[in-house]
Structures are given as C-alpha cells and as structure tokens.
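The two complexes that follow have subunit A in common; it is paired with subunit B in the first and with subunit C in the second.
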Partner chain A sequence: MSENGKSLVLSGSGVTKIFGSGAKKVVAVNKVDFEFHEKELVSIVGESGSGKTTLVKMLLGLISVTEGDIYFMGEKRDIRSRRQKKEYWKGIQAIFQDPFSSYNMFHKIDSVLLDCINMRGGRSLPRPKKIEMITEACSFVNLKYAELTNKYPFELSGGQQQRLMIARIFLLKPKILLADEPTSMIDACSRATILDMLLGLRNETGMMIIFVTHDIGLAYYISDSVYIMERGRFVESGKADAVILSPSAEYTKRLINDVPKIHSPWDFTKAAEGASV
Partner chain B sequence: MKNMLEVKDLTTKYITRFHEDVYAVDHVSFCVKEGKSVGIAGESGCGKSTLALSLMGYYFPPLHYTSGEIIIDGKNISGMSPDEVRLHILGTEIAYIPQAAMNALNPTQRIIRFIEDVIRAHQPKASKKDIYDLARKRFEILNLPADVLQRHAVELSGGMKQRTVIAISTILSPKVLIADEPSSALDVSSQKMVIKMIRDLMEMGYIKSMIFITHELPLLYNVTDDIMVMYAGQLVESGSAKQMVFDPVHPYSKGLMDSIIVPEEGARDIKLAAIPGTPPNLKNPPMGCRFAERCKYMTPLCKAYAVKMTDFGDVDENGSHQGLNRSYRCLLPVHELKASYESEAKGGAAI
Partner chain C sequence: MKNSLAQVFKSGKFLVGFSIIVAIVLAIIVYPLLVPGNPLEMIGVGTFFKPGTYISAYDAVNSRSFYTLNLTDAAAKRVASKLSDADREVMLEWFTLFFEENPGDVDLEEMDINDTQTLVTLWWETYDPSIRFDSMTSAKRKYIARVDAQLEGILEDADVIIAAENDDGTLSQSSVILGTDYVNVSDIASVRILPLGTDNFGRDVLKQMISACRTSLLIGLIAGTIATLIGLVLGLLSGYVGGIVDDVIMFVTNLFTVIPSFVLLILISFSIGQEQRGARVVAVVIGVTSWVWTTRSVRAQVVSLRNRDHVNLSKLSGHSLVRILIMDILPYIASYVIMAFILQVCSGILAEAQLSMLGLGPKTTQVPTLGLMMYWAMAYAAHINGAWWAYFPIVILIAIISFSLNLMNTGLDQVFNPQLRD
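Then we have the complex of A and B:
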C-alpha cells in the first residue's frame, strides 16, 4: 500500500457517523474512504454542516465511529482503553479553530509546554534541558520564551495563542497533525505566518498534515491533495491543481465560484443557488 | 458629486482603568462621495472597529471623543450627546452592522417587532400596518421571503439572520452604512448572498454610501470602490481598490496585499510574505513612523520624524478622480519604494 514509495499513515474505509436514531437520524459522515500518505499535506474542504469537524473528531478518537474502519500506520486502530488512547494521541495531535478555548485557563504556559515533553517520555530530563527544548520550540514559532514564562495563555493575542499551539506540536512531533480551521479566527496578516509555520513544521519533522478549512483558496495554496466534502460525503478528491483548476463536481464549481477573487470577476448570477433559508 | 460623509482629523481615545489614554483613532481624515463605497483594511487591533464606532458619534466610556469633525451630508455631528445621536443620527443618517449582528436578535421576539422598534424610534406615530407594508415591500425587493417577518430569530440560518439584520438596520434608508465585518462569520455561499444584498441596497439607492470593514482583501476588492489601509490607529495609504491591490505603495499595504490567497491559477507559486513583529503599543506610540519597527526599508530618519499623509499624483485609470485621493504615509518617495518592490520580485524569481 504505497504511492510513490510513501507509506500510508492513516486510511479509512466506509467511515460513517450517525447521530440520533429513527426520525431524528442525522448521517453526519456517510461512508467516506480516504488514504493519507506520509509527509503529505491534505486539505478537507467543505461548508459549515458538511461533516468536516465530525470526521476530525472521529480521526482523533474523540467520538466513536458508527460504521467502518480506520487504519493507523497500516494497522486497524484500536483505542478502546484509556492507555491505548493515550498511546494513539502520541501519534496524532490537533490544532483547533478557536485558540481562546483550546487551553486550560488555570495552567501557565510553562506547564502546557512541559506536559508535551513529559508526554514524549522526557519526564526524567534535567530541567535546564527541558527549558532549552521549550525555548527552541518557542523560537520556531517566533515567540520568546523569556516573555512567556509565568504567563497564562489568555494573556496572549489570538495569533500568539495559535502559534503556541504550533510550538506544542513542534515538541510533540506526532506522525499526523489535524489542523481544524486553524486560521479562521485570526486575521489575514497573521494567517500567512501560521501557514508558513505549518509548512515549516512539515519540512522539519516530516509529519503528515490534515488541513480542514472552508476556504478553498487556502486549501489550494497549502495542500498537495484536496478532498471536497458535501453533506458527509467526499464528492471530489485529487491533486490540488487538478481539483481547483478543473473541478468536475458541481459542488466544487460552486464553492470556487462563491469565493471572491482578484483576477477574474466575482459572478453574482449564480448566488441564489444552494442558499438555505 | 457631493460628499456624503466627511471626516476631518478625527481623534478618539480609550481611557483605561489605570487612567491611561490610548489613541485608537489618530487624526483620520477622509471623505465618502455619494454612491461610493470605501473599504478599511488592517490587522486586528489597528482601530478599524473603533473608527466605525467613532463615526457614528456613539461614544460610551471607555471610548471618548477628543477632536476632529464628522460631517454627514453637510450636518456636523461631532460633539452631539449619545441621546441626540440615537434620536437624530442612528438609523436615518448612519446605520451600523456590527460583526456579530446575527447574535444581536432577541430570541423571544418576532422579526417584525425589531422593525417596529426601529421605525417607532424615529416616527412614534407610525401605524402597525404601515410598518408591516414597508417591511414587506423592502424584504421582497431584497429577495428575502416575507414570512421571515413573522418568525423568531432561532428559526433562521446564520446567513439569513445576517441578511435580516442588514434589512432591519437599513429600513430607514440611511445615508451611510457602516458594515463591520458583516460576513466574516459566514461560509462562502452565505457570504456571497450577504454581499449581493449590500450591493443591491447600494444600487437601488436605499443606502447612499458605505464603509466596509474587513481584513479579507479579495472581498474588499470586489465590494468597494476605494480602499484605505489602517495601521496602529492611523491611515497609512488610500486609493482605488484596483490601485491598492495591484499597485500598493506603503510597505505595510504591500505586505497586506502579498498575503492575499485566492483559488486561481498561479496562486500556488506566490510566496506568502508574512510581516514579522507586532504593532506598537498605543499607550505610548513611537514618535516617528509607527510601522518603522517592522519595516524592511527602515532608515534612521523614519524613527525620528512623524510623517503626514501625502497625496501623490496618481489619478484613476480613466482619468476621473472621484474617489479617495491616492495618498500614503511614508518618508521614502514613491518611486524608490516601487523600485525596491520590483527588484525584490525579480530577485525572488531568480532564486
């Protein structure tokens, strides 16, 4: 199971999530198949309500999978016990949309970062060594540890908090990083910084990144391959250039058409389609 | 064309609880002509939203008016008390759509009640039937289903709520509409509907001019005629949308324009340029150029002299000069800045 010599890190077949039952049954994710290879940067694009976040939660093991199987590093994922789950999370980590609610507000930044080192098995390292690792991680994301120490996460701006999140990932060095709309809450100028850092992270540690977003322009810019999600299904997938520049699914065409562009005019004639009350 | 909104040297400040003055809007001057729209771009914390609040003349502590004039259609509103502003300005002269407008609707009321409130605040004797007829007519023109009027806010989707709020706040046909990130919480197709509706309002003349605030530059480029870029409480550059996106002069606007991401051919080859550093603390802003610390082209003079906005003679492509003046705030001359951008672009290509 490999493509261009790259091995599979995460794959799934027929992954389904159903909420509720009977008349109130909601199929949030409907039999999706995917294959993510190492060092790849994959984007999952869809509008709100298309099931992106539900899929991310399943991949992270935060909610159960109703049907279908997820394979991690070629083996079927088994995270029934707490110990297994912890082990699994050493290999897969996430950055969430809202940096303001990602942190435990009672923990100082130092302990947030120290926890990461401990999780990687560095509990017995001498303290100066730990501080050195933290300083390195902070400087990777353009933060100064000396300014952060003894502060709480909420004292930082949104962009800084999101960068601290990336510093965490830098320390943890997981196999897979799930980035769930990491740039949607911060402004366009800091966005470029965050994207740069994600790309740097991949080059540095060789991790695979799953980038979840509703901004198709962003997905096109950053990713190797793109999965387009509509109502719980993948309607189109492939290399970024192929999907964005010559889309075949109606939904993809509409998404691209709905984004404001600068070189071609923004077409308003099709605006009424697909809009919900 | 007459000026709908004229702002002269507007300065407003926040007074913090430690009695420090923070000048969030610092000597801002511009004007918006009838039928024109102006966009304000800038990173978070640069004073975009404070400028919007200040323009309404709606000052509540900790925000205080310091100096300057705001003239709406020949009427000076600076110095009015909040009560006067609410009676005579809000709704009829200026309408404001806040960022989280869709959360502003009281869930226990039907939509028609909000419209009644807005109209009765200005015309206390308006009859229920007149209000209903007016609302229905306006909703139909704007392609909003009329049955929304009888619904509660919780029954509507996010995009629908946002469009309803816009319809409510513009029901009295204000002269200026201030839209503060009206679509940044929505996904792309709802965003497009909201923008289409704002454009319709402009085209049909229900609003005479507009100020649109967002940090999404491709959106601004498609919505407004002119763009102003704000940095640390000051304007740093202004010009027509096309000039600003394709030919920015100030190093900060250049940095902003370089961070544009669109799903178009060639977009992947662009190297995103992040501007390093953070904006200065406005409690004690630097004496010279506020962008100097982060600027690639900084000279020792930049930190010593405060620079004023200077016009430079670029007129619109078609020769008409109806929008904002092309002006910038930098010590370096225009041709020098442009030359360094060009040589940089070439250098990047060579690598």
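Then we have the complex of A and C:
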C-alpha cells in the first residue's frame, strides 16, 4: 500500500486495450501493471506507436478499458455516470502534446480558464475574484492576463499556449497530472521553461505527475521512477537511476544508445543496427 | 467568424451565385408591388396568348383623339401582316407546281416571298381552285383554299365605318376610321402588357411565375431546413456517441439510403391525398425523405473530430454532451453544414418540380409553383402548340436557381476547403 510512507494514488493491474476485432485486431496496450505514488514524478518512455497515448487516454477515462482494473486513491475506479466522471476529472487532469489543437479555436482564452474555476465549484464567485484567480494563474506561468484577455488561442505562440495549459492546471490543482509529451511540439528554448514550470507547479501543489515522453534523456533528468514501454507492454520499470544507468532490457539499452550526445560523433552504424532490431 | 465571412464574399463564384439569388428574391418582393393582383386570376379567355402588349380595341376605336400620320410603308405593312410566313411558303410551293406544268417567264428562284405585292398579284393571276396536282395532299389543298379566302380584299384600302344602333334598331354611321388614323397608346384607358403571354387557363405567365418562384423557394427552404436539422442531429449523435447509438442510427440511415428517396417521396405524397397536400406539406415530406446524405457526411466529420484534443479538453473540463456537441464540434463543421444546406434547398426545389410534373405536387388550385406550371404546360401540350412562353421561362428559371445555388456552394467549398484554395 505504501512505499517510503507515500500512499498509492493510481495503480492498475492487467490493463489492456484492444482496438477492432478479428483480423483487424490491434492490441495497443497489453496487460500492463503499474503503481503510481503520491507526489511522485513518473515517466513513461517509449517510441511512437508503443501505446503511450492509449494508456494515457485510458488513465484519463476518455476511452474504455478492454480488460483489467484501474484503482484511483486505493479504490477501484468507477466512472460510468457523468457525475462520477466529473468528480474523477477534478482529481486527474492532462496536458496534451499539441498545444495548437488543444484549444477550441472558436472560444476566447478567458472561457478556458473560467471553466476551470467553475469546475472547482467557483461558479458563484464574484467576477473580480475570478479575474484575480486567473491573473494569479497566468503570472505563475509568466503570462500577463491583461494581454491575453479577449484573445483567441491561435493568436498565441506554441510556447505561450502550452504555458496557458499549465495555468489551467494551476487553477484546477488536480492530484494527478498526465503530461502527454508536453514539450515535443515546442522549440528547445521554451522546452526548459515549460519543464521548470511543471516542476514548480509540482512543488507548489504537491501533485503527482505522469510524464509521457519518447526522450529517455529528459525522463532521466526529471523523474523519480521510469516505465519503459514497448509494443503495449512495460518491459522495464523502477527508479530512474536504476533503469537508466544499469538497463536490463534490450529495448532500454537501445533507447539510451539512440540519445544523441553533443561531445561525441554520431555513430551511424550503431543507429542502423538499432533500427534493424 | 468575421474573417471567414469576408473571405466568403471575396470568392467570385459565391458572389455571382449570391447576387443572382438576391436579384431573384428582390424580383419576388418588388414585382407584386408593381403589378398587384391575384397571380392565378384567369384574365384571358382562351389558351396560350402570345407574349406582347394587349391594347383594348374597343378603347382604341372609341378614342376621342385620332392623329393623322402619313407613313408611306403603313399600307404595305398592313398587307404583309395578314400573311404569315407559313402562308407564303405554301403559296410558293403552289407556284412551283403550277409552273412545272405551265412553263412561263416567271423566275421563281429570284422571287422574294416577303414582297407581298408581287406575291399576291401573281397569285391572283395563276390560282385556280379547280386545278389539282397529284403530288399535293387534300389537306394542303384545303389549306391553300383558306389562304386564298384570306387574300380577299387584301390590297383594298377602304376606310372602316363605325356604325351605332339607333333607337329604332337601324344602324347609322357614327364615325369613319381612315387608314392614316392613329391613336396614342397613352390615351387608351386599358392596356395590359403580358411579357410572357398567358398559359392554358388564360393566366398571366410572368406574374404567375414570380409567385411560383416565391413558393418554390419557400418549399426549398423548408425542405432544406428540415433535412439539415434531422441530418445534423442524427449525424452528431451517431458520430460522437458511437457504440449502439451509432449502430442504430446508421442502420436506419442505410435503410433509407437503399430505398431511393424519390420513390419514398412519391409514395408518401400519394398516400397523403390531394386534399391535404398544400405547399408546406409537400415541403415537409421532401425534407423528411432527404436527410440521409447529410447524416452520413456529418457523422463522418464528427468521427474525425471526436478524438481531437480540444474535445478531450472540453470533456476534462466537465462539459456535458450537448455542450460539447454544440460548442466544440458544431463550429468546426458549420461551414460544411451550410454547404449541405444550400444543396438541400436546391434539391428540394427540384424535387417539388419533379413531384408536380407527376401530378403529386401541392394542391393545384391554391398556389402556383414552378413544378405545377410545368405540369399544366405539359398537360395542355404547350410544346406542341408552339407556346414556348408557357414552359421555357420556367425551365430557365429553375436552371438559374439551381445553377446559382450550386455556384454558391462551389464558392464556399473553395473558401473552406484548403485543398481547393488557389
């Protein structure tokens, strides 16, 4: 139930997702088990098509689970009714990969943030109080609300949009944040800012973060523990140091070798070998 | 929103289509103000009066002021107007046969059949009703005899005497109208311009057509709105909810796709019965039978939208199904739905015309529709009688409406479909 005195917030056993049936059957996620603890930063690392995003959507309750159980705060998750779902989503939120498609382009920025306040039960708060909360959230991610109000999301840069997503999480203060490759569509300079903000938010609210990425170097840099995913399965998991400094699975070794190093020349033969495995 | 509207109005195709429709709508509004009256009033006694200006002969003869104009070609024109082109052709045919048997010094090749004077003079010199050519049918011979009777007194230039009845029943001359007497049209009390003549019931075709255009557009709008609404609601639910709801809706939709909607339309229209079938009812029936393709295409669009991140985000923000459908899905497919709506309006107008031509259109005595006008023109064989004005303008109008609606649709497509953008 607990590890180092930290309680389990999200866990799963035998979680499976199968798309289609018969000849077109695709097993996207194949019987994975996991245990995520309070205040932890967990990374799920894998290549494209390894089933990371499917797993994220199952964890979020956006798609159904074909087999297996997911436990939330120690209890079996039950999100059949809309009310249960809404309650669940107060505790678990997400940042998506592509900030450009994460917003409804017909709605102004204000409505995205107001929705968050409404969801936390602040619907009846006076308007100045709401504005104050939004301004605070924006300034946490280095955005000025006065400059954003009445603008549409597509008028912002990708980095700004992703920061706005973090401001949204700041307002919602969920127990768990699922960050699905939040930096992969952003330029390198903004990337560090976004990561710093996420880590800052974690320190401030004490939430646990599930960080989904294909970049094993980044995972090592930020996570407490790491799950390596290959073709719908977790091939290796454990503390970040243990997994990355002394990998046991072949796939993990390959992922580590594929990280480009600035001070050594790129070994093409090795990369080609890796690709052919 | 403003931006896309501005883009739409920059599209040449859309603008052309839009202005034609606006012009038609303006005509529908303005024309009844200029020429008031019931469009179904039977003003002409007789069928298919030619297009033109109709001047009351009674008023012309009784006009107080006659003007004398000495026009040199007036007499010739008067004579010429009594012989139609067909009559002249027949006369020439007769001459040809006559001179084959009795060679003379007349050169028929050189003869101008529009020169009435020469033609009539030669006719009187040669024509004899007792002569029979073997190659001529008796029907033609009788026709020629009628033409000959028409020519009686054609070249005479006698004055017309107007006589009035006295108290004792005898006639006495009241006035004489000379060949050089003219009246000014503006002095005549009763003049009616019938730009497109009258139909088989003696109704003003243009007036009726404007009124019919209004009804047909209304039918198209009602049918299009109903079809788009049904298609939109079913398509949104089917595409977004998925699962069993999708299966049931798609089953029903496929069922309707397989049955040709026109057959369905005919059967429903027939079973409603003549009495209940007003223009609105027909519009509703057309709408109820033509939602299928909208449903299918809206569903396809929604299926691709429902997994987008902004929809997921909206779900995570705790929004309800209806709110997600209206706020997060509908705006993304709005342009597509508007295009589908325009096409539905167009096909609604065409469906009404088709139904009416089969005699299953709106109840026939209350409102004119474009389809009904076609139906009556066909029933009274306007095309055989040569009364082009009773059906041709209507065909053209239907074609123009359909053309401009499709042009608007193509214009919108080019604005909203990035692959087609220049």
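Note that the second predicted complex is superposed on the first by the 268 of 277 C-alpha atoms of A that agree within 3 Å, B and C clash if a C-alpha of one lies under 4 Å from a C-alpha of the other, contacts with A are read in each partner's own complex, and residues count from 1 in each chain.
Methods note: contacts are C-beta pairs under 8 Å (C-beta built on N, C-alpha and C of every residue); 3 or more make two chains touch, one makes a residue touch a chain.
Note that the structure is a prediction, hence the values are computed from the model and not measured.
Model built by superposing both complexes on subunit A: subunit B and subunit C fit together without a clash. The superposition of the two structures on chain A yields an angle of 80 degrees at the Cα centre of subunit A, opening toward subunit B and subunit C, reported in steps of 10.
More subunit A residues lie in contact with B than with the other chain of the pair subunit B and subunit C. Judged by the touch definition given at the top, the superposed model places A:Tyr227 against neither subunit B nor subunit C. Looking at the shared chain after the overlay, A:Phe140 reaches neither subunit B nor subunit C. Applying the stated contact rule after C-alpha superposition, one finds that A:Ser102 touches subunit C and leaves subunit B untouched. Look at A:Gly158: by the touch rule set out above, it reaches subunit B but stays clear of subunit C.
Contact with subunit B, but none with subunit C, is seen for A:Lys261 once the two complexes are overlaid on the shared chain. When both complexes are overlaid on chain A, the residue A:Asp187 reaches subunit B alone and has no touch with subunit C.
In the superposed model, A:Leu195 lies in contact with subunit B only, and not with subunit C. Between subunit B and subunit C, the shortest distance over C-alpha atoms in the superposed arrangement works out to 13 Å.
On subunit A, the patch touched by subunit B and the patch touched by subunit C do not overlap at any residue. Those residues of subunit B lying in contact with subunit A across their complex are 43-45, 143, 145, 156-160, 187-193, 195-196, 199, 215-219, 221-223, 245, 255-256, 258-265, 267-268, 270, 272-276, 278.
Partner subunit A is touched in their complex by these residues of subunit C: 1, 308-310, 312-321, 327-328, 331-332. Chain contact summary for the complex, subunit A toward subunit C: residues 57, 60, 62, 82, 85-86, 89-90, 93-94, 96-98, 101-107, 112, 115-116, 119.
Subunit A contributes residues 47-48, 142, 157-158, 186-193, 195-196, 214-221, 240-241, 244-245, 254-256, 258-264, 266, 268, 271-272, 274-277 to its touches with subunit B in the complex.
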